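You will see chain A twice below: alongside chain B first, and alongside chain C after that.
And then the complex of A and B:
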């Protein structure tokens, strides 16, 4: 019985982690659907967004390290702090600007290239953004606090203690993350279904040329999609950053969105969510049951191996479009 | 006027199939070999060996390996770091288990073991293609690093979890261990890099290389004209992993001397080698060397300029290096998706016509 209750707690926590993975994976799917670009930089976008947010909140001077080194000055802070809501809005603006620049400087010049070239370009972009984030805001680990509640949820602990005689440990932050993720997905789906821009986005995803021929501006759609992806990255960055601090490993967590996508299928928003949940629960359960036997820390690879094995049997993922090959 | 094939009439198939059809190229190649084998070993010092030449040669081998898989056979892999780790741990286990056998044999065996592991992780490539495969190879990367971290047998139960190369000699000269001289390190890497490049060149222009390229260009069409995708893909994985395994073995045994798997063979190594072949040129032997030289020299150069000349802190220089590398990758992909090798080829075309461009 005890084991069963523990396992239930592990599953619940796994589901919450899965939601966080899904949040990152969403950004990938959006860009992949609209522009066919497999955006490796999504994780670094989340890291960059979180770094920018913290630094704006603290009133840090951008490029302080560089300016000090080049000019011999000693500046670090403006000396003010910015309220969370305003900082989030400013960061969202930065992400939109970034999306615009990426489209202008990178994507525009790579139209019509092979997908693999585009993929590698986003790896380059990821390196650039990582360096840029560090140069702009410094590489030290930052704590992010935008006022989201953290710590054990007393209500759930009390309730489960009453039912099972054992109080579940559920982080309140995870509950909030789940709620926000649900809202975000609902908003995205509504946007894609019911707004003019959303329909245009779906049209572009379906067929670039046909979309162009009915007068949809590809460039506008791409800037829009990258902005949305940047915004999703910001949300993911806030969640992960609050959970584990804003640091480089954030972009590795985002790497785990890749197996999530492979499980769910690259082109499917529900796929990203279901995939995230499967991976989240799977890796926590595996670590709980098999982990102690093999030395633990299986979370680093379980997601990838699961996706690998799964793909051998179903190459397009759970909800992906069927891959049809013609000669 | 000199760089011309005029007057170079071929009278045999042998002459027609040579690697360097233009006389000046051939002489240039021999001259590079003569300098590399005849002069550098006598003038090399520790700084040049450790900062530039030895890492260049080792990464050139790794880049050759990845280029065979990605550039020639078209299978994108992000598992290079993991396969290098296999080579390193294989050579470590062999060195410590059979101390009397020559280290050179151990290095080759380590390559063979890595080839086996590579084939194993290459099996899914028969079903999975493109990005999906790239992500699937991440499984190799993370799983292998975890394995070498968690199973004490691989690092001989050492307390630190590190592996340290014991001293081994070739012809009386130490090539691994703390007492290794710079020329010895350099020569071991040079000989292997030379031989492997020769093998790679001849494999890729032969029947098997053509099969790889057919699979890369269009796998279904290749299958229809009689290329067995199973054999072509798995042989590409095997040969590529063999090269990468040897590079990993050299990196650990000759260059680093001691290694901790997560640090020395992490995911960043995979990307580093991938960048080398993108910048150097996909599907080009020369490109593998050019890319390796570029990626090894760039940090040295930036460090000298930013830290040495401008006196900036090292961490800032490292971050700026990241930015520059990233920007370069993107720029290269936009301007010249075929990398340095294509630039080199264009230069040669220009040279051929010079001084009368029309």
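And then the complex of A and C:
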């Protein structure tokens, strides 16, 4: 009985962790769906967005080291702090500006190139943004606090203790992440289905040439999609950064999204969510049941094994578009 | 005159490289990558102490110390590249702040005859100078840390850990696995049981490990972490309401940046340390006058006084004292790596000497020999005060359980000697 109850707690936590993975995976899906580009820089976008957010909140002067080195000054802060909501809005604007610059300076010059070329460009972009973030905001770990609660949910602990005789641990931050992910997915689906820009985005995703022929601006769509992906990256950065502080390692959360994408499909928003949930539950249950027999630390590799098993049966992922090629 | 390309390259290298008469101490640092936040602070402390000696004293024994930096990003391959790129510039000694890089450099320094100094990290059994002629790891190593932590817990439990459970949360790497054998041996000796919980690098996700801790309720948690693993572990411990006073990190999990992201919830967390904390030492007055005020501090002096900065500075202090000893023994200021090795083997840093340096009680007494390259292994505990935002030292320097550790070091170094075909020196 105990093991069953513990397993139930592990499953619930796996679902919550899966939502956190899905938040990262969503950004990949958006860009891939609209442009066929696998955006290697998505993890770095999350890092850059979170760094920008916390620095705006704290009133940090951008490029302070460069300014101080050049002018011999000692300025690091403006001396003010910015409320979280305003800082998030300003960061979202920065991400829109970044999307515009990426389109203008990188993507525009690569129109019509093979997807692998665009992929390589995003690798370069990732390294550039890593360096830019460091130079702009410094390499120190920054504490991020946008008012999200953390720690065990007393209500769930008390309720499950009453039902099962063992109080489950559920992190309040994970509950918030779930709620935000649901709202985000609903908003994205509504945007894609019911707005003119959303329909244009879907048209571009279906067929670039056909979309261009009816007057849809590919450049506008790309800026819009990268802006939305930047906003999704900001949300992922907030969730992960609240737990660990904002630091370089945030960019590595992209590694957690890869098996989610392989499993859910690169072109499906619901696929990213379902994929995240399956990976989250799968890796946590495997660690709980088999981990102790093999020395633990199984989660990283097991997520990929799980994704590969699904790939054997559905190469396009659970929700990916079926690949039909006529010869 | 027609200059060939190789000649131009050689000229450029000579112009950019250190003047050969100087004392060259390359700083294999990492200011980028997942561990850059820690590496930056350590490198700053390391650089600033040598800058202080150069600015205030004209170097060591009248010789300027050159500290050329090479970025490793905590990547073993890059670390080896940095070593290869700098070893022929007159380099005396290396301190790469990475156990992975250290393992790769151990066979290389024996061939190239360079000193490798790995305070608080690297290969623990390098303490045996009969086998590891060129490697030094004083004042303490990973096994010392595990033993000092257990000794502290013994003190907290009136000398008995019988029936207690300790969970080891560790970075699933060569570094993190180091204390396992020691803790197993100490568990047998003192009657506690050990639960091993590896965390896959970098350690952003640790839900499984902390759910297990919550289920099994160990009495204590010892952590061997680095980088983001530390911040996440401390936050997860707070989330499950694990008592922070029962949570002890190794010194690499004991910096301000490890605890600050968790805010007030990290209050009471403890860690080991082998260096002092804070800026209440006379040396910082000199540092202010000669390094910070003139604008010569590394990174503008923004990390001065932090735990990791202090550790980098302490590493520089030990190296500087070894250079000074070597100069006295050799009767010349222009020493060779061989002479520096001899300096290390005759190094003695007494409490009086630390006071003269301006760092009273900053580190344990160090006395090394041909046989003992690891010093006494003494360490102490510090505790985080979240309200004040600072570490407080809560114990004196404590010696580890040499009875257990000596045998383990003998066994591991003998295995390395057999594997590498080394005949142990007579000391």
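Following the convention adopted for this analysis, the second predicted complex is superposed on the first by the 320 of 327 C-alpha atoms of A that agree within 3 Å, B and C clash if a C-alpha of one lies under 4 Å from a C-alpha of the other, contacts with A are read in each partner's own complex, and residues count from 1 in each chain.
As a convention for this text, a residue touches a chain if its C-beta (ideal position, glycine included) is under 8 Å from a C-beta of that chain, and two chains touch if they have at least 3 such contacts.
Because the structure is predicted, anything quoted here is derived from the model rather than measured.
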Identify whether chain B and chain C fit side by side or clash on chain A in the overlaid structures.
clash
Once chain A of both complexes is superposed, is A:83 in touch with chain B (first), chain C (second), both, or neither?
neither
Which holds for A:97: it touches chain B only (first), chain C only (second), both, or neither?
neither
In the superposed arrangement, does A:9 touch chain B (first), chain C (second), both or neither?
second
Touched partner set for A:171, first chain B, second chain C, both or neither:
second
For A:291, is the partner it touches chain B (first), chain C (second), both, or none of the two (neither)?
second
Is A:62 in contact with chain B, with chain C, with both, or with neither (first, second, both, neither)?
neither
Please indicate which partner A:109 is in contact with in the superposed arrangement: first for chain B, second for chain C, both, or neither.
first
Partner chain in contact with A:141 - chain B first, chain C second, else both or neither:
second
When the two structures are overlaid on chain A, which partner does A:245 contact: first (chain B), second (chain C), both, or neither?
second
The only stretch of chain B that collides with chain C once the two complexes are overlaid, out of 25-33, 43-51 or 61-69, is 43-51
Note: overlapping chain A surface for chain B and chain C spans 65, 69, 130-131, 134, 139, 252, 295-297, 300
Chain A-facing residues of chain B, complex
76, 124, 127-132, 134-136, 138-139, 141-143, 145-146, 149-151, 218, 220-221, 224, 267, 271, 274-275, 278, 310-313, 315-316, 319-330, 333-334, 337
Quick check on the complex: what are the chain C residues that touch chain A?
31-34, 36-37, 40, 172, 196-200, 202-205, 207-209, 211, 214-215, 227-228, 231-232, 235, 238-241, 257, 260-261, 263, 265, 295, 299-300, 302
Given the complex, residues on chain A that touch chain C span 6, 9-10, 13, 17, 65, 68-69, 72, 74, 76, 130-131, 134, 139-141, 143-145, 150-152, 169, 171, 240, 243-245, 247-250, 252-253, 256, 284, 287-288, 291, 295-297, 299-300
So in the complex, which bits of chain A are touching chain B?
38, 65-66, 69-70, 105-106, 109-110, 113, 115-117, 119-121, 123-132, 134-135, 139, 252, 255, 258-259, 261-262, 266, 294-298, 300-301, 304-305, 307-308, 311-312, 315, 323, 325, 327
